[in-house]
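So that you can tell them apart, the chains are marked A, B, C and D in the order they are listed, and the count of residues begins at 1 in each.
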Amino acid sequence: MHSDVLTIGDRTFQSRLLLGTGKFASNDIMRQSIEASNTEVVTVALRRVDLDAPQDDMLNHINGDSILLLPNTAGARDADEAVRLARFARNAGCPSWVKLEVTPDPRYLLPDPLETYKAAKVLIADGFHVLPYINADPVLCKHLEELGCATVMPLGSPIGSNKGIKTRENLRIIIEQAQVPVVVDAGLGAPSHAAEAMEMGADAVLVNTAIAVARHPVAMARAFAKATEAGREAFLAGLGGSSDIANASSPLKGLMWE
Amino acid sequence: MHSDVLTIGDRTFQSRLLLGTGKFASNDIMRQSIEASNTEVVTVALRRVDLDAPQDDMLNHINGDSILLLPNTAGARDADEAVRLARFARNAGCPSWVKLEVTPDPRYLLPDPLETYKAAKVLIADGFHVLPYINADPVLCKHLEELGCATVMPLGSPIGSNKGIKTRENLRIIIEQAQVPVVVDAGLGAPSHAAEAMEMGADAVLVNTAIAVARHPVAMARAFAKATEAGREAFLAGLGGSSDIANASSPLKGLMWE
Amino acid sequence: MHSDVLTIGDRTFQSRLLLGTGKFASNDIMRQSIEASNTEVVTVALRRVDLDAPQDDMLNHINGDSILLLPNTAGARDADEAVRLARFARNAGCPSWVKLEVTPDPRYLLPDPLETYKAAKVLIADGFHVLPYINADPVLCKHLEELGCATVMPLGSPIGSNKGIKTRENLRIIIEQAQVPVVVDAGLGAPSHAAEAMEMGADAVLVNTAIAVARHPVAMARAFAKATEAGREAFLAGLGGSSDIANASSPLKGLMWE
Amino acid sequence: MHSDVLTIGDRTFQSRLLLGTGKFASNDIMRQSIEASNTEVVTVALRRVDLDAPQDDMLNHINGDSILLLPNTAGARDADEAVRLARFARNAGCPSWVKLEVTPDPRYLLPDPLETYKAAKVLIADGFHVLPYINADPVLCKHLEELGCATVMPLGSPIGSNKGIKTRENLRIIIEQAQVPVVVDAGLGAPSHAAEAMEMGADAVLVNTAIAVARHPVAMARAFAKATEAGREAFLAGLGGSSDIANASSPLKGLMWE
């Protein structure tokens, strides 16, 4: 299974766990959690990056050689804001990759399908690798894929809710139809959620809150890493279906003295 | 976390994944799966053991030095049959441990609370370590614990159904109240199910069908091992609760140019 | 469908909604709720009945001619207490029907399978019609049925939790196997829960908390009555199965101008 | 509660159950089902209406005086097709109401958020009352509402799947935020599903397949009518929340002889 790599755009990755960097108690805990997770893609809110004083910045705590820094547009309320943020970052030296988040409503931070599509179109034309955060909407996923997005990133449940995968029906269809990697993003609150997404055939998962706010973030990062691997391996090993009647683990041939 | 051991009776275990041995395509695949799973407890149906010709037996494929062979009474339809099976095995040289299964109905193989209790009473008086397979019934668990059972083994869903944990409400209560290890047994059909049981605070899980009938049993055994560890580590690392409103992964302080 | 009656013991009922009488804000609201629900079986905790001063009692608020008063043994912690309560009531003039509840643990009030079985045996021998409140345990249900119980009353979820049906897997099996009426009891917190139980093929449901503590108990009683009927009628009308692919409501023959 | 009416656009309705007309075995069964359902809004696929020969048409089987005939654009694969269908129908004498369905993928018939938005914009400018069928996407719902749509119609699960409400998380948010009626459309396969949608606070539900393909469609229509009413009444009567610990239905004051 050493050849099971994840390819996004022109890059390949061994790890299928992407990490967000919000909410960590300190940069040091963040750095240790990143290491424990074995992640190769770390997403960073552009608003939190001090592009003028990089030496003081959290970015210094992330090893940019082995890890892809994926700027995100968290906080953008419409396409214009998202596009401005992405360009601003590239001008300051960031790579031309962007996790596109457009969330008009601060209460639930759910993605805007229309504005996300609009921003993706502009940014792709502009040479960006675009990874859009979206609702688990199969038709929208096809549109974004046709536009040239590098992945689709449907949500499991609202950001930070820790509710796990509440969009199974649509997620199943998205995975069946997608020609680009499907990264389940948002709502994954426990390693079992990450494992389940991978077992369903998702290509990767993105986790942030569940690790950052755990009592022991570093241990939790390790747990998510193992669960993501477990889910992927189970998917490749071929899970059985479920059954309504019992299947005896041991053949029922009658007892020994019969 | 090196000191996180599972204690059952007078024995301690590093691994929290117990394995059943039914349904494997060959003894060789079974042996490899056992190795890949890192399990230290393997359960074997007494009816399938040829106690008279041990040299030909599947038991030879299991390393009895590092692994506890746990005979089970699969196929017993009432307390008498279960007690006879357990004693028969001990007379033939098996250890005085028994996974107690009493299942009158071959269609669903669900456990009998009354006959299981009766058999447990006799076998405990007889010096056995008894690990009873039961419904996720909190009051029955307390009775069995008070009787002296070494564990309780509530089911997640019917044997071989692969449906995962369908008994969450009662399982949560059982785990909260138990003074002996809680081993979730039956129905765990995917690594995510094992992880979830461990995240809930179960002490261990037992898996058989999902590994034995996977397309690649050995890889699936490895996946279950990782998921079980992930779930345990997440439990120890302190999972956060779920929330009905969004929690921005990145603090929403307004955009950069604001 | 006028001939679709529920038969328990030697009595027949048009309504399939049984009502509990705890927690109502007043006897008057209770009486109105009973009327609105169209119920024909009302269960009353023996401990709350003042058998010496019946004229002051809540029982006066229930029309005993059209409604079966079903005493329950709520609060009994073992078989002996339950048997004493039931006999005490009959001696005071109650009918020889009893809803058998044995709940050793006051925190979750979950039923005790061993003590319930023991009490049922004694009370049936004593001439009682016994309706036992139990976990959704298919094998226990068969034992109680064989003992002569008038119904089995598996729980949907813990009493008063309002969580609905969390025992679907086992409930499905119980309904498939039962030869006596299956009454889903406890945990039904909304009319949709009652409808679901009936759609699954349950013979009746018992509701108390969800009605008694609603903002408007009388309206809620009416809502449960309609939902119970709806679920029953749907069961008889033959529900379709679910499907993983879409089924166009309208045949897709191409558009009008094609 | 006689004043609890549903208002859509400039019309008011007593019934909150909308009916689709596809898949009925005959026009006669359809007509009887419509009557049994008490519906006041019936949706008809424009493609199935023979606008040139109305006397032979299924429309004759629907009482247009008491029932709003709501043409739908089922089969439209993009905005242009949907707009053409709607205009075509109005030119032929249909009212200027339209249930807007844009479904590019015939396998799952899931709605297209971008094309639906585009079509809604055109049709609203054109004077139509637009009721769009969409994914359970809260941000899209707000956009459509701001555009002037008469309702939003988020799906419970894919059309014809009978899976019920698999979009609870988003549906809850949509209902909380909507200023226009929320009609849960698609996937409702049993009366309990309709009741649940109403209990959550949806303003109405639309059902087709579950009634049309039932063994007894007329009885099933009646069952859905009752369940929809039950769910609405329960919503108005104030459902209690759920609880993790038991709430004794009967106060636990100790037994009678204590």
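General observations
Criterion: a contact is a pair of C-beta atoms (placed from the backbone, for glycine too) under 8 Å apart; a residue touches a chain by one contact, two chains touch by 3 or more.
Chain-to-protein mapping (UniProt): A, B, C, D = Thiazole synthase.
No experiment lies behind these values; they were computed from the predicted model shown.
In terms of the distance between Cα centroids, chain D (Thiazole synthase) is separated most widely from B. Residue contact pairs shared with B-C exceed half only for one pair among A-B, C-D or A-D, and that pair is A-D. Centre-to-centre separation of chain A (Thiazole synthase) and chain B (Thiazole synthase), using mean CA positions: 32 Å. For this pair, chain B (Thiazole synthase) with chain D (Thiazole synthase), the centres built from the Cα atoms lie 46 Å apart. Taken residue by residue, chain D (Thiazole synthase) touches two or more other chains at 108, 110, 158, 161, 163, 244, whereas all remaining positions touch fewer.
Within the complex formed with chain D (Thiazole synthase), the residues of chain A (Thiazole synthase) that make contact are 103-105, 108, 110-114, 117, 135, 137-140, 142-143, 157-158, 161, 163, 166-170, 173, 177. Note for the complex: chain D (Thiazole synthase) touches chain C (Thiazole synthase) at residues 1, 20, 22-23, 45-48, 72, 74-76, 81, 84-85, 88, 106-110, 158-164, 189-193, 195-196, 199, 208-210, 212-217, 219-220, 222-227, 229-231, 233-234, 236-257.
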